[in-house]
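In what comes next, subunit A is part of two complexes: it sits with subunit B in the first one and with subunit C in the second one.
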Partner chain A sequence: MKCLVTGGNVKVLGKAVHSLSRIGDELYLEPLEDGLSLRTVNSSRSAYACFLFAPLFFQQYQAATQAQEPVRCKILMKSFLSVFRSLALLEKTVEKCYISLNGRSSRLVVQLHCKYGVRKIHNLSFQDCESLQAVFDPASCPHVLRAPAKVLGEAVLPFPPALAEVTLGVSHGRRVILRSYQEEEADSTVRAMVTEMSIAEEDFQQLQAQEGVAVTFCLKEFRGLLSFAESANLSLSIHFDTPGRPAIFTIEDSLLDGHFVLATLSEPDLQSQDLSSQQPRQPEPPLQAHSTPNLDDFTNDDIDSYMIAMETTLASEGSRALPSFSISPGPQPPCSPGPNSEDDEAEPSTVPGTPPPKKFRSLFFGSILAPVHSPQAPSPVLAEDSEGEG
Partner chain B sequence: MPLLTQQIQAEDDQYSLVASLDNVRNLSTILKAIHFQDYATCFATKNGIKVTVEKAKCVQANAFIQAGIFQEFMVREESVTFRIHLTVLLDCLSIFGSSPMPGTLTALRMCYQGYGYPLMLFLEEGGVVTVCKINTQEPEETLDFDFCSTNVINKIILQSEGLREAFSELDMTSEVLQITMSPDKPYFRLSTFGNAGSSHLDYPKDSDLMEAFHCNQTQINRYKISLLKPSTKALVLSCKVSIRTDNRGFLSLQYMIRNEDGQISFVEYYCCPDEEVPES
Partner chain C sequence: MKFRAKIADTGCLNHFTRISNMIAKLAKTCTLRISPDKLNFILSDKVANGGVSMWCELEQENFFSEFQMEGISAENNEIYIELTAENLSRALKTAQNAKALKIKLTNKHFPCLTVSVDLLSISSSSRIVTHDIPIKVIPRKLWKDLQEPVVPDFDVSIYLPVLKTMKSVVEKMKNISSYLIIEANLNGELNLKIETELVCVTTHFKDLGRPPLASGSASQGRNPEQMAEVRIDVKKLLQFLAGQQVNPTKALCNIVNNKIVHFDLLHEDVSLQYFIPALS
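Now for the complex of A and B:
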């Protein structure tokens, strides 16, 4: 893979990396025919983010060199972020950014051509990996909000930086409410203040939700996407369903699109907050689910539509051996074992923004390994017994 | 000021070093550029004061404050040497605050009576005088890097701006900073080898940042990044930096620092190379 980013697009790319870095510790970089995809998932697998930069975004874009299979890789978010650390400098000094990925050299090479002829060359080590693919469908979400990112960005501005979650809902008079979410067990001093922002319907480009609906999700990840969308001057769409189902945040442009999928709190007593008139959602019995759509016992289940699954696009023999883990409405371990569970377990505390495990449903992931490119043994990772750890 | 000056005038005779300064920041800024260890050795001659800080017998930083920077500068003996707690000295120099309001200057009068006596600082701002006495210590012998300009193989003068970002973004997971200087490509290269992979930063010799480029032969040397990192303090303050290596691979970094009054002082770092130089 080779690509060349020039001018202001370097900053756009950097900004995207910054917003991805709010979610995961690892960055999945995958050159596709329809663009370069950057993806990440957080360690508790409750948030997933993906940017796809169209070939037109680049001055030059070549997904795969001749007679060579496309390489995808996983790198440490920290090391990729360090290339784009200072956005101000990026804008001021960098003229071109050349990224190349070559399976043989085992290095992801990022070259920055800066002012005064200075060149920065970063040779980043990477791991081969399976494709990180979330299965979600915004179209299946009954509720949709769309507004310029600026409107939403200004609305979340007053919330304290330490606030973990925010509730989004539609209240009387079809005003959209953003309210700081308080955990019940939080002590009274923390609960002393509730911040609530209300936005009029006119500010939205689309508001397709009836009064009373509400979902609660993590603010940090939301802010990450917002700051990207704001700088790119884009509109943000929020697709959501009942509490407990993931909310999907999308931005779209002719040159790029971004999807963030965030778990929402399943909150049977949300109705007590007057935003919701919905019936409390009964906790579902623990489900054993598989991410491959060809498992017929699951295709019709409505859980399918909101499950996020990681899967590869290849390997038919792999899909039979597809490991999976269950979704359960109850407490979840903060780290569901991932493709490299040893990493996750080694530093679970390095993700300060990991959402509280107790309330969020872990989103659903399954995975299979690419047979050719994966040096790792089939991941033991998503083994079924992981629910026992809960 | 006049009051302060009067009082002290009579006592001047007993001091072996007297220096006064209208703007204390002209001194404190330079000292901050070498403040990476607690203790410093001061040498004063009639030309000015040299303050030396060393670490691990491998790196030495010298700050030169010429006599001309001071409004009054008097050394009674041929040279005056003492060791002092640099952190305490800097704390005292900024006793009226390190970032004063615009338009107000802190004046300094610095006196040293001689071996065994404390260093006396009289600081005055807006009619308020603070007197500080800092105990001095037995001067320690400083390292002689024996870095003479005749042995210099490669020399580059860069505008500091071009190096500032590079140093602030150094991959600190790398143990060494490798400096390549060569008459051919890549001319001047800074490399790090960290956990995430390697990074190279190349400066072409015809870059606008390059004030002078005199490289005679290719040299690749590695320096402990932990030893070089403190020089960032000087780099940030400086406008130009001269980078030289001698035949033994010793590195000299000279920083030209312009103070608030437009006068120029120099800070110099010497560093010895890391032992083995692998072929790359």
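Now for the complex of A and C:
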């Protein structure tokens, strides 16, 4: 793989790396026929991000030399980020950036051609890896919001940097609400300030969601994509479904596109209830049968093997045949069908008395995981034991 | 108990924001006292805070275009609430170039001071940020601990030098010692002093002037050369100095020998009193 980035696009590339670095520790670089893809996933596998730079983005782009398998690689985010660390410096001094990936030398080479003939050459070691591909499909999400990144950027500005999660929803009068999410604790002696931003429908280019819908997701990753989209002056679309289903954030342009997939809190928690209580009550979002408490137990190997990053090995082409593991958008819609599907009727709500399923569900299981996961024994047994002893 | 107020003027809003920033620098949690014509930010003398107390007072009509309040009862027409000062300052920070700001007492699942800001947006559409600051309503029986502190009968009263200069001096001193001696006499001399086993550093300020109203009975017939001094926690002094972003219109320092130092500042129409007790 060889590619050459010039002029202002070097900064765009750098900005993308910065926003990816908010999510994962490893960067998956994959030269494809339709462009260079940069992907990452966070350690708890609840956030996935992908940028695809079209061949037109580059001055020169060559995915693979003849008779050579396209190489894909995984590098440390830290080392790649250090190449693009100072965006101001990139803009001021770098004229060309030449990236080449050679399987034989096992090095990813990034050359920065700077002013006055200075060249900086970074030789980054990489690991061979499988293709990282989350299974998601924005088209399957019933709710869509689209607004200029600037509007959304201003909307998240009042929230403190330390705030972990934010609830996004549509309130009465079709106003879009962003609210700081606070975990409800039993002994809430110390409460934090709750901040809420309310934006009129006019500021949105598209608002396809009825009043009362709301999802809660991580703010840090969202801010990462926003800062990229703001600098590129793009519009950002947010596709979401019921709480617990991943929310998909997309930006698109003729030269690149970006997808961030973030897990949303699976409980119709108090915060989102608050939001909906101000308006006609919405029907309870169907709870997923498989949202059992130990779902976020990532130490469990069984779960890991179903984890998002479906990694298909280079060697075994066969695994690609598995529908849910496919590299490109799979034939099976991953976020399971709309609210009226049989799926919802078939799935019973959470059994009362089970410990509250907390936190984010891992992403991208969609309906795939359900049959495999549900037979697992839930944890109440453990709870009983410890109670008996104590 | 009701409270609702509105600031519509940008100048007033900025001024109020500056005050809340100052309070946030001086106190982690503070009491806000709301009465029909005044607002007070109060930090009361708690040992846990190092015995520091603060009394900040502002006239509501200099800030608010609308102001309605109803206290606990007709005779006690006041409200005392406790809040985290930083929350208020953070909430007001989002109100820069806002059209208007409203503050009211609400009870949304928990008692709050709700600050809602009507923002200007690029388009003409309305954009509103609401901050619900959790508060504790202070019961009537605890009010007596939150009254305006009596200015002690001081030995020496003196105008302070430029606070920025003082701050940079104290900042350096903090690195050497954790205690600082502040001493002054009626001749307009003020010294900041630190003493350790290795070094003794003193910064002298001269010709600071004596406030005309300084008629503390203890200072009557006092030798003008004689210093009155207090030994205080340098961090407390620095905290006070760091909170002052703009030089006040008037800055006074009153010292009761070996007991307490009292700072009295006036920022336009806002007065701030700050008390730091002496360490034994």
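Assume the second predicted complex is superposed on the first by the 273 of 390 C-alpha atoms of A that agree within 3 Å, B and C clash if a C-alpha of one lies under 4 Å from a C-alpha of the other, contacts with A are read in each partner's own complex, and residues count from 1 in each chain.
Just so we're on the same page, a contact is a pair of C-beta atoms (placed from the backbone, for glycine too) under 8 Å apart; a residue touches a chain by one contact, two chains touch by 3 or more.
Worth saying up front: this structure is predicted, and the values here are computed from it rather than measured.
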{"item": "Fit or clash - subunit C, subunit B, common subunit A", "value": "fit"}
{"item": "First (subunit B), second (subunit C), both or neither touched by A:163", "value": "neither"}
{"item": "Which superposed partner A:54 touches (first subunit B, second subunit C, both, neither)", "value": "neither"}
{"item": "Touching partner for A:78 - first (subunit B), second (subunit C), both, neither", "value": "first"}
{"item": "Touched partner set for A:196, first subunit B, second subunit C, both or neither", "value": "second"}
{"item": "First, second, both or neither for A:150, with subunit B first and subunit C second", "value": "second"}
{"item": "Touched partner set for A:87, first subunit B, second subunit C, both or neither", "value": "neither"}
{"item": "Subunit B and subunit C, minimum CA distance [Å, superposed model]", "value": "5"}
{"item": "Subunit A contact footprint on subunit C (complex, rising order)", "value": "84, 87, 90-91, 94, 109-110, 112, 121-123, 125-134"}
{"item": "Subunit A residues touching subunit B - in the complex, by the definition given at the top", "value": "75-76, 78-79, 82, 85-86, 89, 93, 107-108, 116-125"}
{"item": "Contacting residues of subunit A [partner subunit C, same complex]", "value": "150-151, 154-155, 157-158, 160, 188, 191-200, 202-203, 274"}
{"item": "Parts of subunit B lying in touch with subunit A, wherever the complex brings them together", "value": "162, 165, 169, 171, 195-204, 206-209"}
